[in-house]
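Next, two complexes with chain A in common: one pairs it with chain B, the other with chain C.
After this line comes the complex of A and B, so read on.
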């Protein structure tokens, strides 16, 4: 019965692939279909939040902070409700992380304020005594890259059908509209902040990296 | 632990024994065959580098058990244990349930020192990031709890107003009374209304009682806050006052203090934090 396959290594390999692929598909797909849908209320990131996310990735925050609350009581006691896969529907790439040098950030938006984040990035020890986190003072000097963030938002809208510009979802619009929306959003964050340097830069029309990062962190909830 | 009490263990041991016995039997059979058997039977067409292969008939017993295993596996994965009845979140729910039962039975009637140590632990994880390890608010990053809940704090509230507690009657404005009257009202509240029931200025209590009318407009004659319309001062200085704040959240000067009503703190834990925080002022 298998003599023919034994004599044809190529078709034998195809057969092996088919068997394993079938097994994988029936085990993975049904659960994936069920849980990968966006949780109700999950929205794509706004342009400012995306810019903050890029800062988060650029400065490797995910090397020490994870964004995945596991379903164990000790975890949920400290960090809140465990994470559901549907909550990451618009994360490209996801930033789960496995290292917990710092606490989990999945629900940080509900439990920290803009002001707290500002202190934390400027001088971590001032809010967490004994913290080994380095200070990220350059975030108060560098401008956030809004254009790249807009390009990313437009890309995920066109390629992955992220639901921008739909009812109850964030507006994206044209580049100019997006820039205006970013300024409005940033104004709220800047108003909550203390740094005069950042406030003055914002009056000149510049958005510092820290503003975008705080917008992103406030979004995590 | 008695290994045979568990069905899975018993089945595993039985299976292991069966495999051992079958292996011994089959190995013995083939060893004997290697010693005595002569080459016979029909050769297949293929010839691998000079080595031929017999055309062996499909062993019926093996074929049946092979198909049977596949059928059984399909049943096991789709309908039988474990996929049909196991979920990680289900395990989480069970873990939480059994933990909570244990917690409730152990801490049904906690004494003061238990509450204090439990409260300190919860405070360090949930409150210290903003209020500081010592509760002093870390240079104004959050409210300084080492004064909060004391007589001095009442005076400060009357002079500076009280913000952000989300009561239906709104925020308490600053400057309702002058500094001297504020002292008197604070003494009255501490002695007559709060659970502390004593004041550092007993001489001022009576004049405070006369001035109480200003406060009674919102907090009510008895200071109980008219059924939740304003802060209930009858629990001032007590853990319950802190528990109210934990449940309502607070809009502070630097941002929102979250509501701790997402289930991460049990009632006992809230009381424990309240007991610990109340103790900071003394």
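After this line comes the complex of A and C, so read on.
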């Protein structure tokens, strides 16, 4: 049979494809049939949080920080309750990471505050002596991209039925309504921050990347 | 058919990809050295504002080396090997020639845009698949062009039976196509919402499902971009260079079909102790161990090809590079399954052992084999002797030292890190804060970076040798049969 295949490239290719694809079909498809259902209390991200999440991705925070607490005592002691599948139901993409150069951030909102994050991005060593994390000063200069975040939220709502605008769930509404909600949410974060620059920019109606990122990090609980 | 002068193979595209491999090799490895030093000396993050931080450079390093250097090397090898084992010249078909050139130029355009967008932070965050949807489409086009080329050339072949290297090239093409398509399924948000950035997208999959698809891709892309075509190359170049026939046809068969069947089960080992179903994790773990068989099957087949001819290792540095590569293949395909054992994974996952493991494979197996292949092709493509044998010897030792520094420091760092994370005092409290586990590793990061630097220096020596071979070396009249001619 093998000799015959080696003379018939078409059937050879079909054979190879079937043999390769088989494993993927067996391991991946069953779980897709039963899509992960959200744990009670898990909500889709607000537009500001999504904007922060996009900043997190833009600067590859996931290259050094995981968001997956494994079920070991050492990890639950350090980071909190271990991760459950349903907690990630609204994570597109997932951000588990593959390497911990810094600590896990799955529940960082439980034990860090807005101004801690602010100092951390501005000068990591000021809050964690010995840190090897780069400073992210440009996050205090660049504006967060609220429009793209809104587009993402709306896409997730329309295409994947994320429960925005449902009882006890984040409100999305129209683009204008969403922008207003973002400003209100950002005001709370800005109030907790120390940077005069960010505060003044906010008064002018600008939301800096750092504000959105902090909103996202505070949400991680 | 006569061995000589019967067919004039056309190497124009193979040459283009050779230049690309060298160029991206330098760029990718240079960035690798920079980010390695950034971990030991964080001040180095501020050389180029927001564009010089570790976070922007890391995806550039992985993509640059995997898709820039290595894939160019593979394409170069394909455009060389394909014609020769199918006994047909690319120049015989205008269509295939056009496709090949288009393949090269679109690939170049893709790489340039990829570099720019990654610098800007435009990323989907999925490892080794960071590009946004417009570029994903371009990737698919480039890949399809390569496929057209493979099957087109096979279609007009004169040699009836497909040589084993062709099997592996076909498998690489099909495997990567499937993996890439499924993992990069995403919805462009602009077209749904009518606002925001036009190139932004959101993944089709959420949470645990997304993770499963990503690591099904992530692990197997390593297999079908790194391992499979590199095996294709060694199965061609080692017998050619040494003049020895492949040791066993049956072993080739067994290891080929075995690898095809087992490989894609193993992705789950990236998700051990995560929230994906337990049976997926167990399956990933078990199949990773089974994967030793086909991997070692190929490696042993390759090593035994040198049976009775081990003296060639002393005389021919290219044989040495290839045998060393194969040995490193055995080493990293043993290390991988060890890391997939649940209890070992509990310690090693998320630590520096993992980049250590990846680099044994990439530097030792993939890098050495690619450079050996380019060295073997050079005298035949450019009709000149290799410029310096001594330089290859020196390069070999410098790079080998680099690899050893790399993996030994990362082993120690990884195990130290894993042990410190879980260490508790007599009352059961955590013994170390996280930052303690970072600062203790800095010396190892410095050693690792130096190992990487040695490898890069070796790569510069390789580049210089190739450049001199192309431009200044002694011309050769007729094509060498085996053992690449080298100046002292």
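Methods note: the second predicted complex is superposed on the first by the 186 of 221 C-alpha atoms of A that agree within 3 Å, B and C clash if a C-alpha of one lies under 4 Å from a C-alpha of the other, contacts with A are read in each partner's own complex, and residues count from 1 in each chain.
To be clear about the criterion, a contact is a pair of C-beta atoms (placed from the backbone, for glycine too) under 8 Å apart; a residue touches a chain by one contact, two chains touch by 3 or more.
From a predicted model like this one, the values you see are computed outputs, not experimental measurements.
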Superposed model, chain A: greater residue contact from chain B or chain C: C
Which superposed partner A:129 touches (first chain B, second chain C, both, neither): both
Contacts of A:192 with chain B and chain C, given as first, second, both or neither: first
Which of chain B and chain C A:7 touches, first, second, both or neither: both
Touched partner set for A:116, first chain B, second chain C, both or neither: first
Partner chain in contact with A:77 - chain B first, chain C second, else both or neither: both
Chain B versus chain C as contact partner of A:21, first or second or both or neither: second
Common ground on chain A, meaning residues reached by chain C in one complex and by chain B in the other: 3, 6-7, 71-72, 77-78, 128-129
Complex contacts: residues of chain A adjacent to chain C: 2-3, 6-7, 9, 12-13, 16-17, 19-24, 26-28, 30-32, 35-36, 54, 57-64, 66, 68, 70-72, 74-75, 77-78, 83-85, 87-103, 128-136, 138, 145, 147-152, 154-156, 158-160, 175
Residue ranges of chain C touching chain A (in the complex, touch as defined): 38-39, 42, 45-46, 49-50, 53-56, 58-59, 121-127, 151, 154-155, 160-162, 166-167, 170-171, 174-175, 178, 182, 187, 189-190, 192-197, 200, 202-214, 216, 253, 257, 260-265, 267-268, 270, 273-277, 280, 283-284, 287, 346, 349-352, 354-355, 421-424, 429-430, 434-435, 438-439, 442
Touching residues on chain B, where the partner in the complex is chain A: 44, 46, 88-89, 91-92, 95-96, 99, 125, 129-130, 132-133, 138-139, 141, 254-256, 258, 262, 264
Touching residues (chain side chain A, partner chain B) in the complex: 3, 6-7, 71-73, 76-78, 80-82, 110-116, 119, 126-129, 192
